[in-house]
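Below you'll find the structures, each written out as structure tokens.
Two complexes are shown next, each including chain A; its partner changes from chain B in the first to chain C in the second.
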Partner chain A sequence: MSYLIDNTEGAQYLLMGNEAIARGALEAGAKVVCGYPGTPSSDIIESLAKIAKDMNIYVEWSTNEKVAMEVAAAGSFAGLRSMCVMKQNGVNVASDFLLHLAGSGTRAGMVLVSCDDPGALSSANEGESRFFARLVEIPLLEPGDFQEAKDMIKWAFELSEEIRNLVMVRSVTRMSHASGNVKFGKLPPGDVHAVFKCDGFILDPMEGAVMSLPVRYKHALQQEKIKKAGEIFEDCPFNSYHGPEKPEVLIITSSACNLYSREAIGILGVEDRVGLLKLGTTWPLPPELLKRHLSRTDKILIVEEVLPFLEENVKILAAEMAPEIGIKTFHGKNDGTIPAVGELNPDLVVGALAQIVGIDYKPVPDEYAEKAEGVPTSRAPARELTFCPGCPHRASFWSIHNALQLDGRKGFVCGDIGCYGMATLPCGFSTLKTLHAMGSGGGIASGFGKLGRLGFDQPVLAVCGDSTFFHAEVPALINAVHHNSDFTLVVLDNSGTAMTGFQPHPGLKVSAMGEDVTSVDIAEICRALGARVEIRDPFDLGETQETLNELIEDKAGLKVLILRQICALSPEKKAGKKYDMTIDDEICLGENCGCNKVCTRIFRCPGLVWDKEKMVTRVDDVICSGCGVCADICPEGAIKRKEVA
Partner chain B sequence: MASMQLAQDPYNIIITGVGGQGNVMASRVLANMLVRRGFNVTIGETFGASQRGGSVMSHLRVSATSSWSPQIPRGRVDVVIALEPTEGIRVLKDYGNPQVKILSNKRAIRPVGVIAGELDYPSMEEIRGSVQELASSAWFIDATDEAVKLGNPILGNIIMIGALSGLGVLPLEREDFKEAILRSIPRDKLDINLKAYDIGRQIIKQNEDSTGN
Partner chain C sequence: MKVFGANELLEDVFEKNLCIGCGACTYLCPYFRSYRGKTAILFPCNLTQGRCWAYCPKVEVDLDDLSERFFGRPYEKDPLGFHRSVKISKAGRQVSEGSFQAGGTVSALMSFALSKGYISAAALTDREGLRPVPRLAQSTDDILRCSSSKYTASPTLSALNQAINEGHNQIGVVGTPCQVLAIAQMRSNPMGDKDFSDPVSLVVGLFCTWAVDFREFDAFISERIEGSRITKVDIPPPPAEIMEVYTDNGKIEIPLDEIRELVPNTCSYCTDMTAEFSDISVGVLEGRPDMNTIITRTERGEKIVDEARKEGFLILDDIGKENLEHLIWAAGNKKKRAFIKAKQEGMLNAREEGARCYLRVRPETVEEIIA
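And now, the complex of A and B:
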């Protein structure tokens, strides 16, 4: 039995922030939870999916974030507490529905969890989701430690029911993917009966139609709700102050930055000079609380990630209150005290605070710093990101690269987010030339494919993963077919949402909860759209490249090549090697090879190592996954594969 | 309640290595062992894209009182576990201090830049030299080789946890290891993991090939 459903009140576990959020949803009695995978948010749905049947809840990996929010909303409308979960850019995808939902209001408590990724540790952007709360006028909460990540979710559901609207909880990578001790509360009894009451007076919030119309009436109602949230926030248990009565400097912070700020104050030993106002409710800001704290000091440092959201909102309040609280000096993102981009850490906060309070801080004695500085960087050579050993993408991009080279007309590939985004790097032979949002490869290729009449004559390819195909690629393909745009889409089908940990998607026969479901066939969809469709195994380099060249030559509008091979990190692949790989030293010509070490210099699989002493390539058996592909790239045939018995 | 006084509060540990070496699992197991002893442990992990051949670090903060920042400040690590030797050097340069201890696996994982001939990988002598310059004590362990003998190189991470228990700087008990590891593995894998843990512990106890003082 999972520890997440331990019903012992006060039991203490080490939980990831995401698990704490999941536990919070359980303690709140959430019954419908959905999302779309995206680091750092995925573990929330994953941990709930595992116990969904035990807890009688419905958990779903939806096709995309907008659909996830719609499915969750149905739960709320039917009287069930519901939660939807996504990463920062997922909120952009969901935002059209979000705007309308915030206008219509909700019934049973509904919480949107967005896990942002400051510093883009696992993203193609460091987008901020917090502004959506202000934009669509819903309350925003940010947990400041792991215990709060659990407790706040439960509180968010209660708040949502109090104001009958969606509540947004924003986490960050260093909260979601960090772990800490969490004390459990009780799990509620699970009896529910879902029903959507809709036969009442049309404007009745609990029995009428759920909609944002009439707009002026509903918008005014919505603004009353957000105002009420602000009043509730005045006494919220997640806002706290530690420090002297009249601090020389007041730090205002939220989220993981709370932990950085607390540590920075300790490191500099300025507990008696600096106050820390940690806010759990960051939209709307509770004005009276802010007034009290701003009155006590003249200097304010705002510590947050990524954009100056808190900073701007505090400054607006401070301007309005200036006649009462006086003129303040603000430090933060806008004056450059805190870096404007990237994630923060305790050192950056120490640096900012040290500058304001006038302390010369050195993390280590000069002598040690010099020694550390003196160790040449070559002692720890840089690790460029690369595809895993045995990754189908390396083989796919090898063929794509070679097909485009053979074609010779400066063709290129448009892509999007996923492991294959690394094809912008040498590991993918630098083949990928545009990388934007989910499904953008197809949309951009659809545009390039129409530029022929304006003199454009480069072949255009797009790539997307199998999960991405369902998420956002289909509208771009319909656009391409409808407008007869000429390009080739390569679907890198590795049988799961691989980058985030093999979450199922509509192409598979099993759901998040492990139930049998109807799979939707990518090839059939593309054929139904009218595209020419081919399916190949990317590990067959010869056939893949030949097919690619044929499709690039074919001017019949949209062509689709599905390259099917399971991810090397899948449990199935990790269970055992298919081939034992060896190098025949007699055949390997080393540096004298006409190809100049194409295997290690260009193919760059981590499983192949250049032996400097013997001047030959060898296989690192610990790293090699035995996919066998490299045997086909050696022009001399020195790399041998033998099927594992 | 925490059953042993920590040398520092928080006591800071960095487990470093390369994606795929079982870094995250090692940090979870170690942290859960300490939670069982009554400590608050905060883990900060870098995973996601960095799993794909990149450096991976887990920061562990062990405290009798509270959660801490999931990122250890510069110069404040107490003990480093390097699943890959050059990764240990990378960590020492940023987080080391004159008192730091390090346990380093000897098995190299060459970055693609090295495989491609664009970068050099340092010799074991160079690695030892730099590590000893920056650490107060250092142990070099054939963790991956020992793990391969056990039948699976991934067990190198468990051998390194066993080795840490042998140092005696933290209250790490075999019984706690057993309970903690069972949260991550099926029961039929327990024996081999216990074996790996014991091997690591023995290596330190026998002070084999150690340069510790």
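And now, the complex of A and C:
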């Protein structure tokens, strides 16, 4: 049984931030939890899905973030504490509902967890979700350590019920994915009875209709709620100050930056010169609390990641309070003391702080730096981003690339986020030429496909993954069919949300909780839309390329090619190799005219290695996953595959 | 001979729009492929020397070199190229009926060579709809199925390269003059391969003044036939000046002037009307749709023609003076026009260190031709 449901009060566990958030939801008695996979947020739903049945909670991977928030809202409306979880840009997807939900208000506590990814370690954007809290006028909390990650979730539910509105909790990669000790509280009793009361007076918040209308009335109500939250924040246990009564410099920070700032003060040994105001409640800022701390000094350093959210909000308050607290000098992102983009780390904060307090600090001693210079790095092989050995995407893009080259009309592919986004790079033969939000490939292609009358004559392709198809591709396809836009969509169906760890999606027969569910057939949806649909195995290179060329030439509007092959890393495939691969040295042409290393120079599956001494290609048996595709790449038949018995 | 690689082929031929899509550079390796009448490069190749560049008939063709190699003398101004005889001919009684373009001489020669074992297979040109499809014929039936002219440029030599890959080493080929030029370069082992042995046993060239671009032709015709199926395409002999397209909904006639618009620019640099580096070349005969003009060039060509006649595969006759004069006039015209154009555009005998050009031939010969 999972330690996450250990009901011993005071038990201590080393938890990842995301697990702490999950435990917090359990201690709060959350009953409905939904999300859409996206690093760094995915582990929250995953860890809850595993224990969902034991704890009698409902957990789902929803089709997209907007639907996740809607499903969670239904829980709240029915009197159940509910939570929805997503990564930063997921909030953009959910934002239309978010705006209306913030206007209608909630019933049982409802929490939105957004995990941001400063530095875009696993994202195609460095999005900032905190502004949504200000934008839609809901309270925002940011945990500053792992214990808080758990405790703050529980507190957020209580706050949500106090003000009857959604509360947003924002984590970041280094909070979600790092681990720390967490002390457990009690789990509440499990009995609940879900019911949606809706026959009361229409404006009754607990028994009337749930809606953002009448707008002026509801908007005013919403502003009262956020004001109340601000008042509660004045005494919130998650805001704390450490440091001298009158420091030279006051650091204001939140989230993982709290940890970096603490470390920086320690490293510089300026505990008696620098004060640290760590905020857990970052929207709305509690004015009285800020006034107290801003009064301590004239020099303020704001340490935060992504956008200067705290900085701007503090500055507004400081401007309003200037007659009382005096004029302050602010350091942060705006004046460049803190880098404008990318993740922070203790070193960067040390650098910023040292500059302000006038300490000449070198993060690395000269002697060490010299030594480090001398260390040979050349033996570490240069690595570039690439698809895994046996990845179906490599085969798919090989065929897409070849089909477009054969066609010769300068065709291109529009895509979005997923492992296949790497097809912008040589590992995908640089085939992908636009990459934006989930489902944007189809939407952009739908646009290109209408430019014929304006002189456009390049063939247009779009790619999306199977999970993305459900998430956001369908409206683009409807648009394309309706407007008779001419393009070919290639669905790279690897049977799971591979990039984020094989979470199930609507195309599969099993849910997050392991229950049997109805699978939705991508091909049938496309056929119903009126598209011509073909299904191929991307490992059959010849057929795939031929089909692609046929579809590209077919001017009948929307064409869909589903390339179906399970991801090389999928749990189903890990079992073993389909083929044993060998290379016949006698036949291998190597660098000679007639091949010139097409396998290791162009196709570049990591399972193939160029033997510089013998001037032939070798198979690295440890890395090769035995997909057999390279045998069809070799022009000489030197790469042999033998079916594993 | 200087040899360069795929990057130079792209620069010298593709980027200058000189590729006719003959197929000589395809299927030598994983990089060049032919698709719907166009040659495509799939991935870049960084070798400094390669067969793709060496075989291409549109870059660094040394006519003197080739002529020395095949005929033992430098290239001369003769409009018909080096030849032993010019006659007229048609298929003999040993050849089954086929939908021949004219007298069926080409199909007859190929059938004869195959039946005698002089060749083990023939790289020919079939069609699917309007699209020319290279085929490796291995029986008389296959040869007959490929009869009749496809007026679009065809990647016929991709069938030759595939046949060589499959290990054939006695191959017959029928090709247009540019294709025959590419074959001549292939046969002269430009890469200096130690194990080289000539896989080609018989080359029959077709007369040609131009071919049309398949993709443009396809689009042009599709607009005019609205979905009907094409059964045959013919250009009746002058003075008709039309192309006849037969479909299952009847025949349409298109003025040749409209068709000439679809001829790729590269044909205007082609100096060769009669496939001068073949064993035997065959064309139509003015005024006699049932006969061909036949030129024999090599000893082997002469021997095969002679045997084919003796064994009833070929019927030969003398060519009339007027027909011969007309042939020489037409071939001379094409040659002169092309040499003038190529010279004007600086495509002959580039002299600067490392410079590459289209043709190399003694400047005196050029002057004689364009005089």
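The working rule: the second predicted complex is superposed on the first by the 636 of 645 C-alpha atoms of A that agree within 3 Å, B and C clash if a C-alpha of one lies under 4 Å from a C-alpha of the other, contacts with A are read in each partner's own complex, and residues count from 1 in each chain.
Definition applied: contacts are C-beta pairs under 8 Å (C-beta built on N, C-alpha and C of every residue); 3 or more make two chains touch, one makes a residue touch a chain.
Because the structure is predicted, anything quoted here is derived from the model rather than measured.
With both structures placed on the common chain, the touch criterion links A:407 to chain C but leaves chain B unconnected. When the shared chain is aligned, chain B comes close enough to touch A:260, but chain C does not. By the document's definition of touching, of the two partners only chain B reaches A:346; chain C does not.
After overlaying the two complexes on the shared chain, residue contacts for A:371 are found with chain B alone; chain C is out of touch. Using the contact criterion defined above for the overlaid structures, shared-chain residue A:422 touches chain B, although it does not reach chain C.
Within the superposed three-chain model, A:174 lies in touch with chain B and out of touch with chain C [touch as defined at top]. Contacts of A:576 after superposition: neither chain B nor chain C is touched.
Within the superposed three-chain arrangement, the count of touched residues of chain A is higher for B, of the candidates chain B and chain C. By the touch criterion defined above, A:10 reaches neither chain B nor chain C.
The contact surfaces that chain B and chain C form on chain A in the two complexes overlap at residues 602. Against chain A, the residues of chain B that register as touching in their complex are 18-20, 28, 31-32, 35, 40-50, 52-55, 67-76, 86-87, 89-90, 92-94, 96-98, 107, 109-117, 119-122, 126-127, 130, 133-134, 144, 148, 153, 183. By the touch rule above, chain C contacts chain A in their complex via residues 28-31, 33, 35-36, 38, 40-43, 45-47, 49-51, 191. Taken together, the chain A residues at the contact with chain B in this complex read 3, 12-14, 39-40, 121-122, 145-147, 174-175, 177-181, 256, 259-260, 262-263, 267, 345-347, 350, 363-365, 368, 371-373, 375, 378-388, 419, 422, 426-427, 499, 597, 600-602, 604-606, 608-610, 620, 622-623. The touching residues of chain A, when paired with chain C in their complex, are 401-402, 405-408, 429, 549, 591, 593-596, 598, 602, 633, 635.
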